[in-house]
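Here the structure comes first, spelled out in structure tokens, and everything after it is commentary.
First chain written, first letter: the chains are A, B and C, and each begins at residue 1.
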Amino acid sequence: MKRLLWVLPVGLLGVALALALWPHEPPAAPPSGPPRRIVCLAPVYTEVVFALGAGDRLVGRSQWCNFPPEAERLPVVGGLGQPNLEQLVALQPDLILAPALGKSDNYEKLRRLGFRVEEMEPGTFADALAGIRRIGGWLGEEAAAEAVVKKIEQDRDALVKTLAGCPRVRCALVVGHEPLFVSGAGTYLDDLLALANAENACGDAQGWARYGLEDFLARNPEVILDSTMGNEREADHQVVAFWSRWTDVAAVKDGRVHAIDPDLTNRPGPRMVQAIEHLARHLHPDAFARGTEGGR
Amino acid sequence: MTRPLTARRWAWTIGALALVALCVSILGVSIGSEDIATRVLQGKATQVDWTTIIQIRLVRVLVGLLAGGALATAGVVLQALFRNPLADPFVLGTSGGAAFGAVVGIVLLEDAGATWGWVETLRQSQVVCIPVMAFLGSLLSVALVSAGAVGRGALPTQSLLLIGVIANYVFTALVLLITVKADPNKLPRIEAWLLGDLSGGGFLATGAAALLAVSVAICAVLTFWLARPLDALTLGDEQARALGVPVGRVRWTAFLLSSLATAIAVAIAGVIGFVGLLLPHGFRRLFGADHRLLVPACFLGGGTLLVLCDIPARTLFPQELPVGIVTAILGGPLFFLILRRRSS
Amino acid sequence: MTRIAANDVSFSYGHAAPALAGVSVAVEPGRVLAVVGPNGAGKSTLLRVLAGLLRPSRGEVKLDDRPLHSIPGRERARALAFLAQESACAFPYTVREVVLMGRLPHVGTFQFESEVDRLAAATAILETGLETLADRRVDALSAGERQRVFLAMALAQEPGVLLLDEPTVYLDVRHQVEAFRLLRTLARDRGLAVGVVTHDLGLASRFADDVALLAAGRLAGRGAPAEVMRAETLTACYGTPIAVVPLPDGGVAVVPTA
């Protein structure tokens, strides 16, 4: 009887070993040619694909992909980088554009099942342009990508020229309340700020950083741009109300506390220059009072 | 209350629980976001459907069975070792160590891979991945806790408990430290890991089945060799020794095996509470305290419970709920009921 | 018919003064040996050394003619039962289940108890008067009832040698007498070698065949109760005046005076 008892555990370990070493054949490579069924797991990629004129090739999106409006007709397959695998697999995409901050284990599984997952990291303004070119390459729309990048660079140069004469204000980019989080040096927002001819008041911090309130008050920014209230209608009021108690801060005294729309400013994609403009309108109101056109 | 255990009662109980586990597993494979079940029944299932069933749903079921089973078994064994029905599998620091390993992996692995070629090769080949890092972290914690307890003969439960609590605190503090200092882009990944889920990460069906086989093997060893000695151990070390039980060997083996099982479960599914504490408790009231029946029953019951809890976790809302939340929501009131019954 | 004997054993806990120094004592089959003495004299230590739970630093223990420590645990447990003074009960086992655990040395690694085992357990339950409590949970019993349960468990082992550490501490007078009477019956009728550590000098003198008196880790007296339990010896040993009063039925009452 004692001998028999060994059979089960040892047998199971043998089975486990066999299963672990089971050769897994990745599914056959899809037919060549640019991808025709694309799923984007972050809003910025949806915007890029539409900007490249390939919007008709999209078959799925994340629940946060809300621009352009046509995107909202696409089926939702999950949150930001958190796809519902079943729904995603059912769509049978031949290219999945995913943010690197998602659950990478899921991406690994998708790759094992034969799907093509391209992970992209957020970066600076220049990284974003390179990203657009990369996506263009994958989609076979290199020409369109070049055109988009060129247009962005042109608009950027024009905007920078317009703002060149303006005083270089000190601005704080607030991304979180209680505890206070700011967008420090090396972030995408920091890049935008520099292009908008402003100095990052919290530039001593690296990346998205927790910032001490004392240090913040000592920095005394002239403008506060706060993205914590999202794109709610009352965002501006709420942001102003939050900062109203710190009456010693120059920005509060001068009434230069504004909410910014993260849907625009957190997407390093085709609307980057509009994002700069969005910031610049608050930073250099005089430049725009002269009657320059452009959206919010 | 219960008559002493006979072979018949054992076979019938285990058989019934295995059947329930099988039914719940079939249920788990049939339910999901896409209505594949009807297509299968009509014989119109496509290749994609089968991929979904096997590589997505079956993997979840397998992970649920192995994690739930491992946690419940580890829980019941630790409760016997500590002679305390309130012990749970994380009390010896395995969860803290696993979190530490996983977070180190998430935050440092890519950068280390950029610096050292061999790390990058290991990373690319998936030999070193987040579940492996979590598992190693768990083992590290077990090693440290054991080192604190070694040399005192038969596993001293008092000091072990304290060392385990300390280990959990220290590792949790390290996790928080790394989180605060880390690149904020990594935070969502850390959070996702800490919440835990049954998706099995990058594991495919064969990998998940392999882990389940290991889990069952551990439970089998615990049942066949250690269950009856565990019964004796609950009477006191001295009394157990008087009955001929090699107390030191049994305690160490039981401790190491249950820690191994917990490490595997946490590495692949994250930290899921309640299963390791509640299920042994409830089953002990239902089936009696004889560990020859209790250990395998808890394995089957724990697996069934997790697979069952996973069904609403992934179908109720479009955003997948971490299964630990469902077990907590169910577990809390259930535990309360059990406590009330106990006093009445 | 098993005999257990300690030859010139010494034992120390850690680096403290020796708890036992050169003690030689034997528990003979068919006889009850009472081990008595003041607190800290080494009685429980001696019992544990005899039971194989402690290893003497000098001297050896022999079960029949075999050195005790050369005998594997399970085989030893089939021949020798030890009843600890305190036993835990954290889980809801029933009386029957606990008594059945006494069959552990006889049952295989993953086997279920057979009819023989169930019979041994049932007999032990009857002998200790636990029939009415047999299906109750042990953690719901009184301390005295629990003590009888563990005694039954030791009996279910069907040992040749029975060693008990203060088995009557929580029992009332009637159950104390019944327990000792049971021990004497087991010795006389079944040929068990019974060794009992007890504080109750009266019961010891009445029911024991041999008495070993320990003081400060040494043997202060060994032999028949009448010889060992004399007033002078006891007074000297315990450090308090003790009188040994003869009773009408031939026994003695051992009582403190002053």
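Criterion: a residue touches a chain if its C-beta (ideal position, glycine included) is under 8 Å from a C-beta of that chain, and two chains touch if they have at least 3 such contacts.
Keep in mind that this is a model prediction, so the values were computed, not measured.
Look at the CA centroids: the one farthest from the centroid of subunit C belongs to A.
Central chain (C-alpha centroid nearest the global protein C-alpha centroid): B. Work out the mean CA point of subunit B and of subunit C, and you get 44 Å between them. One finds 77 Å separating the Cα centroids of subunit A and subunit C.
If you average the CA atoms of subunit A and of subunit B, the two centres end up 36 Å from each other. The residues of subunit A that reach two or more other chains are 5, listed in rising order. Contacts with at least two other chains are made by residues 109-110 of subunit C.
Chain contacts: subunit B has residues 224-225 touching two or more partner chains. Per the touch definition, subunit B reaches subunit C in the complex via residues 1-7, 10, 80, 83-85, 223-225, 227-229, 231-232, 234-236, 238-239, 241-246, 284-285, 288-290, 292.
Taken in their complex, subunit C has these residues touching subunit B: 51, 53, 73-78, 81-84, 86-94, 96-98, 100-102, 104-105, 107, 109-110, 112-113, 118, 135, 137, 150, 157.
Remark: subunit A residues 5, 8-10, 12-13, 15-20, 22, 24, 63, 76, 78-82, 84-87, 89-90, 92, 100-106, 108-109, 112-113, 121-122, 207-210 touch subunit B in the complex.
Within the complex formed with subunit A, the residues of subunit B that make contact are 32-34, 48, 51-52, 55-57, 126, 129-131, 180, 183-189, 192-193, 199-204, 206-207, 209-211, 213-214, 216-218, 220-221, 224-225, 318-320.
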